[in-house]
Amino acid sequence: MSKGKVCLAYSGGLDTSVILAWLLEEGYEVIAFLANIGQEEDFEAAEKKALAIGATKFVVVDVRKEFVEQVCFPAIQTNAIYENVYLLGTSLARPVIAQAQIKVAEENGCFAVSHGCTGKGNDQVRFELSFYALKPDVVVIAPWRDPKFFNRFAGRNDLLEYSASKNIPVAQTKAKPWSTDENLAHISFEAGILENPDTTPPKDMWKLTVDPTDAPDVPEQFSVVFEKGLPVKLVLDGGKKVVTEPVELFLEANALARRNGVGRIDIVENRFIGIKSRGCYETPGLTILRTAHVDIEGLTLDREVRALRDQFVTSSYSKILYNGMYFTPEGEYIRSMIAPSQKTVNGTVRAAAYKGSVTILGRSSETEKLYDETESSMDELTGFSPEDTSGFIAVQAIRIKKYGEAAREKGETLSL
Amino acid sequence: MSKGKVCLAYSGGLDTSVILAWLLEEGYEVIAFLANIGQEEDFEAAEKKALAIGATKFVVVDVRKEFVEQVCFPAIQTNAIYENVYLLGTSLARPVIAQAQIKVAEENGCFAVSHGCTGKGNDQVRFELSFYALKPDVVVIAPWRDPKFFNRFAGRNDLLEYSASKNIPVAQTKAKPWSTDENLAHISFEAGILENPDTTPPKDMWKLTVDPTDAPDVPEQFSVVFEKGLPVKLVLDGGKKVVTEPVELFLEANALARRNGVGRIDIVENRFIGIKSRGCYETPGLTILRTAHVDIEGLTLDREVRALRDQFVTSSYSKILYNGMYFTPEGEYIRSMIAPSQKTVNGTVRAAAYKGSVTILGRSSETEKLYDETESSMDELTGFSPEDTSGFIAVQAIRIKKYGEAAREKGETLSL
Amino acid sequence: MSKGKVCLAYSGGLDTSVILAWLLEEGYEVIAFLANIGQEEDFEAAEKKALAIGATKFVVVDVRKEFVEQVCFPAIQTNAIYENVYLLGTSLARPVIAQAQIKVAEENGCFAVSHGCTGKGNDQVRFELSFYALKPDVVVIAPWRDPKFFNRFAGRNDLLEYSASKNIPVAQTKAKPWSTDENLAHISFEAGILENPDTTPPKDMWKLTVDPTDAPDVPEQFSVVFEKGLPVKLVLDGGKKVVTEPVELFLEANALARRNGVGRIDIVENRFIGIKSRGCYETPGLTILRTAHVDIEGLTLDREVRALRDQFVTSSYSKILYNGMYFTPEGEYIRSMIAPSQKTVNGTVRAAAYKGSVTILGRSSETEKLYDETESSMDELTGFSPEDTSGFIAVQAIRIKKYGEAAREKGETLSL
Amino acid sequence: MSKGKVCLAYSGGLDTSVILAWLLEEGYEVIAFLANIGQEEDFEAAEKKALAIGATKFVVVDVRKEFVEQVCFPAIQTNAIYENVYLLGTSLARPVIAQAQIKVAEENGCFAVSHGCTGKGNDQVRFELSFYALKPDVVVIAPWRDPKFFNRFAGRNDLLEYSASKNIPVAQTKAKPWSTDENLAHISFEAGILENPDTTPPKDMWKLTVDPTDAPDVPEQFSVVFEKGLPVKLVLDGGKKVVTEPVELFLEANALARRNGVGRIDIVENRFIGIKSRGCYETPGLTILRTAHVDIEGLTLDREVRALRDQFVTSSYSKILYNGMYFTPEGEYIRSMIAPSQKTVNGTVRAAAYKGSVTILGRSSETEKLYDETESSMDELTGFSPEDTSGFIAVQAIRIKKYGEAAREKGETLSL
């Protein structure tokens, strides 16, 4: 008699295969779930394996479109970035996968969901907080935090032996000395040899981008058209290739960045649980689109709106995403602030990718007139009286003169 | 009978030469002042010319050391950046020059200071607010905002004719189709053909860096050692070249970046006076040192201190610098927050410069132990119970479950 | 031949009467405009006087309803407050009046608008920035900043003499030794004897509230019902009096506060132009409604939404209002953040007003369930495992133990 | 054979008496610790009881002076406040008590500390995070989170029965229907009948202040002198009573507030662990001193320093205190920002307390000249040209006119 149905996030790899078998052993019925979020994966092999181990059912859900449109694009609109460097590639995927998994769980009458995340990482938090928001009564089974499980499977050998005992086929490829997580927007590399933060990642680790030294010797020009802050057109090959459908555009941006070695990151970051952790990431297309977006905002976004958005929305939303707080009141609140900030972000950025970097070549907007060539010209007086600036400075100086006078009176000298 | 002594910031160029002559014509005695802040300049020629035109005295002040140590280095410590892109190269120089000019003015009994800044830019504001703080009773003569002056000299031809009439020698080199401002840390290019924000800067405009396509084909490795957030050692050539003296280190970082094409920026930014303006900048060494500093903070700075510093100090200080508010109560206040944030920022960053980009290769710290390889390892349980994370998540989930429940009760569906 | 039509904000007082006459003398045709924003005013007398002096037309616009609904209510929703104390009573009125004045100007073919604000205050800025946003090509005539005017009318006597010469009737009541500005929400007192910040305002200065010592000896209970953060019902007299229409509700809140001496403020504040200024204010109803709103948010608003709103929206919007930036991109942007923050702010606050203070007696919400009596009870374990908190604390402690260890290692002692 | 020495925070009440006995039963040796932080307490009775139950030693530490000087005064300097209302009275005490307890633990060779906090509150977090920072290797025994304990003592009856069985004397006074926590600065009331947020606290609950309706019928005037933001002198009785010693001053402020009914708060707040909770607080003296401090900052603090301090330091520090993060890197960092903000906060505030409220009567400063009566006067032109403001407005308007023009061009109408 089953203890009930569990929907397990199943990748086909060693860990989740062992978890699947163990859940069955524990008396649960298991629905294996696998999100297609653009990772390189043999979905058929995973299905075959899951069913062979004993899953009642194997469900793949293609979430690529909503991943790009609902999550990656708003991230571009906010210039989301964590600790100055990380473009949040993994964080962005988690709420999308969690939502699909909960849907599968509900459709299949599962009372619980399970995952193979370790007990020290961010992903367990991101998944579970999303689960709880979407289905507050769900039970979460996290084997790597359950002493019954983690004490039994203390090392890789225990997993391998258990697999053998259960006739679970194990890939014969040698395990890489790091872990990865991949989706349409990015791949992460961490753990293993990367745990020494002074170890330079080996050249053959990187997967989604060519090594900058191997990239073409000629900069590749392209342009991105934005409407309300969303990339709506990517133009390549001097206009010969034009893509507009969101997923296609995103994939094309990935390919462009990949061949030019753009989007690699190496960082020691602060995990939500308070541990520092070293991660290497490739985020090809997102890097290019974000860079272009930052630039077009220069031309089209009001200074004060930008300042408020930068200080408030960008930093808050990045932290919310990183900490797995997508489905929260504050996540919803901050997302409501994105569209109103992007009303005027309309225009075209021309840029070039070259051996690891992206360079802006120019930008224009047909509809937005905040930039005024004549007005900004130092040589022109049109519509602007230089004497006004004297008044502006004089008023700014009121407070500052007082500061200088107070210092003088107290015998202090202001200096650098 | 003189109307009094004026200390004029004199560059030797057409504008300030005309201003010098005009001030004399207006009845002032003029002390010509020129700061050596690392720009490429023929100081002797400038002196000769100033005296020839009629300046009472010509004073050069070498401010390079204080520029690097008092202003550029704290900017690195705060990761200062304006509107995501601009490293504030011009802004950083202004308070240094202003302080030197006021000192010269006071030593020479000048009641007024004068400059050749236009009436639409940031620099007039930056200079004058510094003047007023340092010497609240100073009089500022800003000819380009004085109708008597700007109506008389409406175009370049008027300046040239006036120069001829006054026997002021004019350089026969053709004027560049843009303006520049240069110092030890950076050069700016703006105005002229750059006023069209969609015009790609010509290759021969750039001055402080080689074109990335012309840079060496092999990445150049280097390392930077930080103490309390300050770069104290730059190691090049596989250890063969080591520099530690601040100015020397800065110059060496410049040279490293220059030969690898690192530090170019092209931006449409928001000036303090509310106009958008297009600027192209080269900030070679600062780009490299800032990148390394951001990285070492990942290893050595507490998460929450970093978050507070990023959201509060970095953004506020960048705006303060950009708007010329260096010598203000808030400038002083924010600067008091730099050192306390950098106590633990001690360590070494290894990186490589290559054709326009800087890549981090690894980092280490002998003294700071915030990063703990064993602890962050996904495979280790040392000093950390995975069950603790269950409690952590459960507590985080209290508020979030309520959010999900409220949505369910109101018949709403949470979704991406 | 007229130099064109000017729409003058006309109060009927000495200053604007002189301005009206002066504008006519200068050759303009004048449309006199007076907003009814709830101030105590003899509108008929003003009309008679304006026409007698020579205005072509006199237009009163009743803006009370939009003042309350469009501006005061959102201010309550954001708990707007400037420098911890000032409830922005004057600031709130300015965009409402400016919008009405521009409408009158446009309907009457005026190329210019004019006002009687002095050159050192906030109101000139608030009015004019609103004018320029609503009608960018409008000309603003600000006599108190025009040397032609202010040099001629250097003191009150000059105004009186000019009035006499123009047969402008002047009220025989002795001028008060301070200035006031009044509207439905508040009255301000400043200048005159109040300029000494250590002078206690005389008891008979206050106008909209009774002196707390003269207020009833028994606390007066009332309750306010909020929907989406808006006050939708005010209940008085133990339920005998219930008001729901916004303006009526606001007026009733004013009356309630008035008779209980609630809403007086005395502050030295920082004006936008950088001068410090002393102001005394009465904001009766707004004080009561804001206090109740702050309280109901405690019961119904998510912690993180509240924290984000407090740190960014409240402070930014208060500054935007104070500085007259209502009709700006950032004003529009921040206002878009109000409604999304108030979705759950539904409930009832019971309170009492008594001799100058407002005391909360209790609060409840039928629809919002964020507060859970059982759960928050220290005696109950329902739905909550105390061991979870151990995990929560353990994870929070990871980072903090490191801090303690680092201090110990470096021989430092952490202490208060 | 003992399992080692535990330092227990012992109050003499039922809970910690049972915990003491239980710890002994579990095989620990117990050092009973009691901080004198100004609460009403029978220290001798507690000592007698602790020793009778079996404590090895009873140690009282008087922390009143450091509580006032090291923690309460900096809270005044930052105007610390949580969720607009709560003055953090309990939060302020926790790090002081924790520091004393760790000192006692170390001096007595204890490997562990223990406390009687429940598993749902803030105080467990505040104590334990402080313990871990001050002594990272300390073991914390939290019986109310230990199933062995809380399952055994499920209700008050279990505690009473156990007390009887151990011959622990129990006070015969009937338990109040709420819990309290008291110190020199404040008392809190929560739980019990207060858990219904709509229940008005009974009049006899309040302890540290008289009911406003019972307070004197005449406002009581007083003045507070601040130096660098610290209250250094409190003047009462028209100058007849002057106190300057910090603790004495604080106690006198308490007495002043108490007799005038000042300092009561009733709030639903958000606990760190994500639960909402209703609390009633009395914070008499702190309310008065904070109100005066806010006022003197108006006169003496630069606008921009104040704005930065308000938006970042006040809100961050309040949250840090509330969440028990005093001894953390961010706590240390934020505290380093207090003194630099208070350099100019020197002056005297005159005020009156009356039936629950505090009213400012005036303020002055002999040393600070930021406020300039002449300058702020609307009637004076000294040192200020009204035309400057025209320039100031014109420059501010550049951006805003563009906003209006863009709206017009797009056929939109800006409106309230």
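In this document, chain identifiers A, B, C and D correspond to the written order of the chains, with residue numbering beginning at 1 in each.
The rule is simple: a contact is a pair of C-beta atoms (placed from the backbone, for glycine too) under 8 Å apart; a residue touches a chain by one contact, two chains touch by 3 or more.
Just so you know, these numbers come straight off a predicted model, no measurement behind them.
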Matching chain pair for C-D (criterion: over half of the contact pairs shared, by residue number), options B-D, A-B or A-D: A-B
Geometric centre distance via CA averages, subunit C-subunit A, whole Å: 42
Subunit B-subunit C separation of Cα centroids, rounded to whole Å: 40
Shared interface positions of subunit B, touching two or more other chains: 273-275, 302-304, 311, 325, 328-329, 370, 372, 375, 384, 387, 389-390, 392, 395-396, 398-399, 402-403, 405
Topology of the chain contact graph, where touching chains are joined (line, ring, star, complete, other): complete
Subunit A-facing residues of subunit C, complex: 273-275, 302, 304-305, 308-309, 312, 316, 325, 328-330, 332-334, 336-337, 340-341, 395-396, 398-399
Subunit C residues within the subunit D interface of the complex: 66, 70-71, 79, 83-85, 95-96, 99, 118-121, 124-125, 128-129, 132-136, 142, 144-145, 147, 150, 155, 179, 190-191, 195-200, 212-213, 217-219, 264, 266-271, 273-278, 294-295, 298-299, 303, 306-307, 310-311, 315, 319, 325, 327-329, 350, 354-357, 359-364, 370-373, 375-379, 381, 384, 386-387, 389-390, 392-393, 396-397, 399-405, 408, 414-416
Contacting residues of subunit C [partner subunit B, same complex]: 302-304, 344, 368-370, 372, 375, 384-385, 387-392, 394-396, 398-399, 402-403, 405-406, 409
